[in-house]
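The structures considered in this document are given below.
In what comes next, subunit A is part of two complexes: it sits with subunit B in the first one and with subunit C in the second one.
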Partner chain A sequence: MGILRSLTLLLIALASVLSLPATAQDEDPGEQLLFNLAEAPASKVEEAINAIVSSGDERARGWIEAYGNNRLSRIKDTGQVVLVLNNRGRDWEIANPLTGENMGDMSRRELDRVAINNRIRGQLEGILAMLDLNAADPDVREASAQDMMGKVDASLVAPLEARLEQEGSARVRNRIEEALAIYRVGEGNLEAIDVLAGSLHPRARAALNEAVRGDNPALATKAKQALGTIEQKLKLNRAAETLYFGLSLGSVLVLAAIGLAITFGVMGVINMAHGELIMLGAYTTWGMQQLFPGQPGLALILSIPTGFMVAATAGIIIERSVIQYLKGRPLETLLATFGISLILQQLVRTVISPQNRTVVTPEWMSGSLVINDALSLTLNRLYVLAFALVVFATLMLIMRKTRLGLEVRAVTQNRNMARSMGIRATRVDIMTFALGSGVAGLAGVALSQLTNVGPNLGQNYIIDSFMVVVFGGVGNLWGTLIAGLSLGTINQLLEPWAGAVLAKIIVLVFIILFIQKRPKGLFPQKGRAAEG
Partner chain B sequence: MTIKKHVKIGLSALALSVSLNAMADEHPIKVGILHSLSGTMAISETVLKDTVEMLIEQQNAKGGVLGRELEAVVVDPASDWPLFAEKARELLAQEKVDVIFGNWTSVSRKSVLPVVEELNGLLFYPVQYEGEESSENVFYTGAAPNQQAIPAVNYLMNEIGVERWVLAGTDYVYPRTTNKILETYLMDMGVAKEDIMINYTPFGHSDWQNIVSDIKRFGSAGKKTAVVSTINGDANVPFYRELGNQGIAASDIPVVAFSVGEQELSGIDTGPLVGHLAAWNYFMSVDSDANYDFIDQWIEHTGNDEAVTNDPMEAHYIGFNMYIEAVKKAGTTDVDAVKDAIIGVTVPNLTGGYAAMMPNHHITKPVLIGEIQDNGQFSVVWETPSTVAGDAWSDYLPGSRDLIADWRKPMSCGTFNTKTGSCGASAGEMAAADE
Partner chain C sequence: MAISQNWLLRPFQERSTQIFLGVLFAALVVVTFLHLFMPQDSALHVSAYTVTLLGKYLCYALLAVAVDLVWGYLGILSLGHGAFFALGGYAMGMYLMRQIGDRGTYGDPILPDFMVFLNWDELPWYWLGFDMAWFAFIMVLLAPGILALVFGFLAFRSRVTGVYLSIITQALTFALMLAFFRNEMGFGGNNGLTDFRDILGFNLRTDATRLGLFIATGIALAIGYVICRAIVTSKLGRVSIACRDAEARTRFLGYRVERVQLFVFVVSAMLAGVAGALYVPQVGIINPSEFSPLFSIEIVVWVALGGRATLYGAVIGAILVNYAKTVFTGVMPDAWLFALGGLFVLVTVFLPKGIAGLLQKRRKAKTDDDTPTGQEATA
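Entry: the complex of A and B
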């Protein structure tokens, strides 16, 4: 042990001697600071970081950030600390952290990462947040004050209070006060609880909960009261949140089912390959993103028309090659289209890959819309919800207000009569099937933002789609909308107490019982057409 | 009479020369590959098929083993569990393969077990699993719970100070058994029942809003909270996406996953996930020459510069090399001889250490905890000081506490009860009884 220790000491001494000439040569204090950070054992990392922060070096922020992002490495041979600009693949692009000069690519084998973990990263976030508190943009200041919540320690109280003095924006002031209050509640300060009583932030609640469990009875009682008020407010928010979750799941169901509502509901074709048409739409999004690298948003918008066209074309091919010959034979249609769905799946597996494809979510669709600290609506789902409603409204318009819609309705109600009135029923068939398939493609484009784009994508939605259409009433678009949204909401209401698996089963049993009672669904078609 | 005799002699001479000939050209060693190339599991299993093919190619380039070439026999069980049993039978009875590398899900392994035991085959199983099994004919090169789950929980408890636990998993045998083990373990360590939340979701679950929001609420009770995830397959992608969207950062509620590897992460933007954890016995980012060489070979084999390696691939790498070593040691591919020879065989792993085959047919592995980085890789933040030997029968389940497995003669038993001193049913019989 003793020998080992002296050996390490010797080595360290040797290392520092070796590094000394270098420091002396270019006399950049930054090099020594980074060297110390890279050399520091776990217990000394904090010291090394503090040395960098307090050095006042204007590059310090960049270093800290790079370290936090795992972008500091050392060259194994020379021990030099470098910035890693690109750490994908086998060769990494590196730069000199002191001068910012690009040093080109270097094999990963030659580099040794400067280790970091969650604990240190948490501290770095606190330090960066402290630096950001002086930013010009109040949004940045608010975000960093929020980051400080729960991270304030004794050393940060004075600078935070000083910052509070100069702060002009009320939002930021509130945040800083909350951050300070969390620290003070931990210290046993009774007044601080009043500050937290109005906050819905999880970290404020965490601090109060801790106080309730603590050994200070006065503090515990007061914290308990504050928690009571918060709980009241939370309940409302939770109800709103569940409703949003339900509508969002419902909108996905509506999107997946609405194309089927046309092909199955209006035309009466049991199309088991509907799910694969959705999949084609999703793969189109992926394909478009490959065509427009670096512009995921543009690619996504362009894939709306393209996805529609691709799926519609596939639909026409399926209709012309198979379905038209099986008119009036539902069982055979079912089997044939099931075969088509398997063929399409395997085709994607062989041609593209059995692996899922990465579809990038554009910047403006990630994250969430913050209503308050307890309620935030995830943006990607919000967009999908809106998209579903737009698609539904457009379809409704087409069916009600256009010549195509009129002809479709005529042909479904009485095919022979419509033909004798001069409507080309075959053409209407093709157009209707293409429309339904195209809408499935649109669903795929939207789903690519929520779920995995892979060969099995369609399979996961086919059962749900049929359930929604049957539940809503075959042949009724409004029925599909109401059915989709209500099934989604029921599912999300059940999930918290029944669990995801049981919730699905309960919904299925509910639909089976419902269909027993009302075989034609929520909104059955009325009149003579219903008998036909 | 004499003519007949002559003919007889001639015939036997002929037969002799034929058999001599057969020995001279030495038919190849057949390696069966039983991985799904279509269906749900194709996403994970296809790369394992490619891995074994690559290993066979490399071995042949080195001149095979015992002077014999190796030959891959690939079948596709199509993610269909009963079909796994049929294909295994086809491999063993018709193709007469010498060894099988295969399976991913536990249910497929359970379906294959009775067949492999009946026909006395060899199966190398490369995936982390729930334990509670040891078969004479199966070699488990993936992690048992004590080589993954327990050390990961210890890390969270001791290094991060986690006091409140969410055990989230997909609804099937591996997560359920693992969570049962973890729950008992956590309660033994003094965690209160209300500080443990258990949640199961179906395969391929994509709507995580409610569950993630539940986790967020569960985590605001003032105690450090972590999620232990046994969520399987591609359901992880929407799960992590939802975590990112709802703003759950690793510094608030870290998620430690047992089924998320480089392969799964290659499907998402890992920016918002930086700092979430995974426990494995191998990461692609491990800094060792053996690993860098393996990655180079893999990229060359696949022709894809972005190809990633993962833990089950390393398990096949170890298993394959162990098989080769055992065949060399036994001097034959005879199943019984190889089975005896392989116990104690030690080969290098990819993390710079060695893996040894234990008498219970599990291997020694280091346990690594890695944090997700923004480039879709993990950076190792903690590892066990030495390798850990796989434990077939968990010490934290009432039924299995007293059981051990030891396939060395004279014991040769996978379910030896140390209390009663008797040997229970074989793994295949138990799997058959389950069905």
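Entry: the complex of A and C
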């Protein structure tokens, strides 16, 4: 019997909790809170605000923000407190602060602004931050704690310490500790410096720098040491960042060049239209996003196979219509394919637009992976890097493990011998060219996430791609991978002290000189195949 | 006809050179006459604008001859000849810049406008001497010549040939383009050098100077053509053709292939430099876009269209393509790249010997009637 009763009570309690929104309409605690704030004389405002903050109401932040922005008003007739959504002009657009319901326009003469004084306004920022510190989402809590760094004053120390007691997330705890430590260093606390020494945040450094300049010698010496430690860590992080950008640029180069490495290496064909095949891949992504508006992620994934097919088809057309007639005349092929590249560029300009098109980055690819305060890796570059490696591995597999790969290698090494063994060299040519072109299309899909998609996209990459292939050694996929990644990294290493343009020039000159030393690239083909 | 032993006179005994020089001088005389003595409103009057346009074509023709010398007779497909052209142009541009004197916008007697704008205090060392015409004209030859010498020395010594050489010549001009775009280089950044006034004391904006430049360009083309002809008909030229057709075999026969290549390459670069130097005063500007790989590769197509290894074919190709460009960009600018691209493809696939090849085939068909033309086409 007793159990049953307690169960019933529990049910009733649950029901009342669940039906809260329904009952809120007649008796919302928020209404009273707002009324108190609006009614409060200047001396009691702080009390009223504290009541709102400590109520734990989720809407509290909106109210206090509105209050700070002079957007809280009362209707003169009824005394109801309302939010002013738009206070331009004669009629103001207002809303119910409790439900958020829009109440239409009302003449501003019928409204009475809830007054605020400057002392309170100064405190509001801290109050809002404290509110955010109580938010359910740890990310919001962390952001607000970070926001407080350097802004902590004596009044905030106690609430922060209280918050620190109950905080569950280690990230947020760190932040709060750092925020407190910055305040304490300012107060001359030596131990607080140890906390800051572990932080990479610029505000922690600013606080330490101030301590170094300050007139407390013990503090200054210790702060100096701490700064030294931080500087070391920053250096490491900067190196890691440069490396990341270098690898990212390198992965782009690899993607752009690897298709070229296949066609150039196997067929000895200089495909100057390769850049435009990349461009086609990028435009395919744009096209897919037009087909699936509002679903950029799906469109992007679908454009991987589509981009491959579009570019591969274009490649087959180029091979059949032009290149097959220029067998054994590599320099002429260069000219003819250059002509094709001009035509494709102009085609895009005429049919689509000479302007750049925007390709949307899907949600899951934007943003960055935060390692620490000094190092965060942009996600899109990370994805492209991974994509490049996957494409490379797949190509390696195709070349090493499939029948097509076997035939391609045979034709590369000795065309006539391969033919006499029954390999249809023409078919291999078509397949290789399609494969190389398709990979260019994939590169385009990836590039659409990093750069502008426009008619000149291909031109910007063609020279770099050739450099990578030539540097790595023709007909060697590993060479292309290593050449691409290392050229990208070298470029990024040079950039900080030479500037982007000069870095590029230095890399070009380096390659020109390198070719003098090793005319066949990093990994030259060996044996008889090299003589062909 | 006895063939002269003097290599410099030999070209004048060739039928093709005689015809070429005849046509060129006739054109110069006719244009000059029509410009000077026809009334302004006559349909036959050649305006100063047209004279300058024709002068520009002749510069391109000289440039094409230079490219044909290395591509047609040495087998080196240079995708970077625009760099030599532009260097010659910059040398001339620097001279013209110094001639402006204190008539620039900022009125500085020594510093060009863009340097005043960049707050430079004095001329960089490499600008010294360019106020003297003789020095500038020597630099027109030396700047591209030295670049070609260094680049060629490195490349030919290590036997970089074929496609690799083409790619690195392209890298060369691309790197130079990037470099000249930088303001710090002291060549005016992406605006380049412009706003010229005088050349050798003649006002560049008068019709008479323009006509003079046109005639000078024509003469330069004639001289350049004869020099190239002299080279290719000389013993050196024979070796150079041998390098083109079988480099390894020529080397095994005991010839120093890289020296031949270097010599021809440097001469060609200097000719390109002269073309650039004559081009700049006529168009009135030089900027880094002349270094663009696209321009260099376009030159190659002029030669391919005209016919490789003929020299006069290069002239025909350069003038035809550029005339077409003038017409197209005026009438339907969007179609120009289609036309140019199509030209690349059609010429390489269907017309491997270019227009000159067509002319030769016709003449042969006329002289020996018993050879069916069809067979020759396949040969």
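Just so we're on the same page, the second predicted complex is superposed on the first by the 346 of 532 C-alpha atoms of A that agree within 3 Å, B and C clash if a C-alpha of one lies under 4 Å from a C-alpha of the other, contacts with A are read in each partner's own complex, and residues count from 1 in each chain.
The rule is short, and it goes like this: contacts are C-beta pairs under 8 Å (C-beta built on N, C-alpha and C of every residue); 3 or more make two chains touch, one makes a residue touch a chain.
Keep in mind that this is a model prediction, so the values were computed, not measured.
Between subunit B and subunit C, which one contacts more residues of subunit A in the superposed model?
Of subunit B and subunit C, more residues of subunit A lie in contact with B.
Once the shared chain is lined up, is A:N209 touching subunit B (first), subunit C (second), both, or neither of them?
It touches subunit B, and subunit C stays clear.
Check whether A:Y325 is in contact with subunit B, with subunit C, with both or with neither, and answer first, second, both or neither.
In the superposed model, A:Y325 contacts subunit C only, not subunit B.
Just checking: does A:D112 make contact with subunit B only, subunit C only, both, or neither of them? Give me first, second, both or neither.
Only subunit B is touched by A:D112; subunit C is not.
Just checking: does A:A48 make contact with subunit B only, subunit C only, both, or neither of them? Give me first, second, both or neither.
neither
Could you tell me if A:R349 is touching subunit B, subunit C, both of them or neither one (first, second, both, neither)?
Both partners, subunit B and subunit C.
Kindly classify A:S376 by the partners it touches after superposition: subunit B alone (first), subunit C alone (second), both, or neither?
First partner only.
Of the partners subunit B and subunit C, which touch A:L508 in the superposed model: first, second, both, neither?
second
Could you say whether A:A443 touches subunit B, subunit C, both of them, or neither, answering first, second, both or neither?
Neither subunit B nor subunit C is touched by A:A443.
Using the superposition described at the top, list the residues of subunit A that contact subunit B and also contact subunit C.
Touching subunit B and subunit C on subunit A: residues 346, 349, 501, 504.
Across the complex, what residues on subunit A touch subunit B?
Per the stated touch rule, the residues are 69-70, 87-90, 108-109, 112-113, 115-119, 121-122, 125, 202-203, 205-210, 212-213, 241-242, 245, 248-249, 252, 346, 349, 354-358, 360-361, 366-368, 376, 378-381, 450-452, 454-456, 460, 492, 495-496, 499-501, 504.
Quick one: which bits of subunit A touch subunit C in the complex? Just the residue numbers, please.
These residues of subunit A touch subunit C: 268, 270, 322, 325-326, 329-336, 338-343, 345-347, 349-350, 463, 466-467, 470, 501-502, 504-505, 508-509, 511-513, 515-517, 519.
Which positions of subunit C touch subunit A when the two form their complex?
Result: residues 77, 151, 154-155, 157-160, 162-164, 166-168, 170-172, 174-175, 178-179, 181-182, 293, 297, 300-301, 304, 334, 337-338, 340-345, 347-349, 352 of subunit C touch subunit A.
Show me the residue ranges of subunit B that touch subunit A in the complex, using the header's touch definition.
Contact set of subunit B toward subunit A: 37-40, 42-43, 46, 159-160, 171, 199-202, 204-207, 209-211, 213-214, 216-217, 219-223, 234, 237-238, 241-242, 244-247, 250-252, 254, 263, 266-269, 272, 274-275, 277, 287, 289, 292, 295-296, 299, 305-306, 371, 373-377, 379, 381-382.
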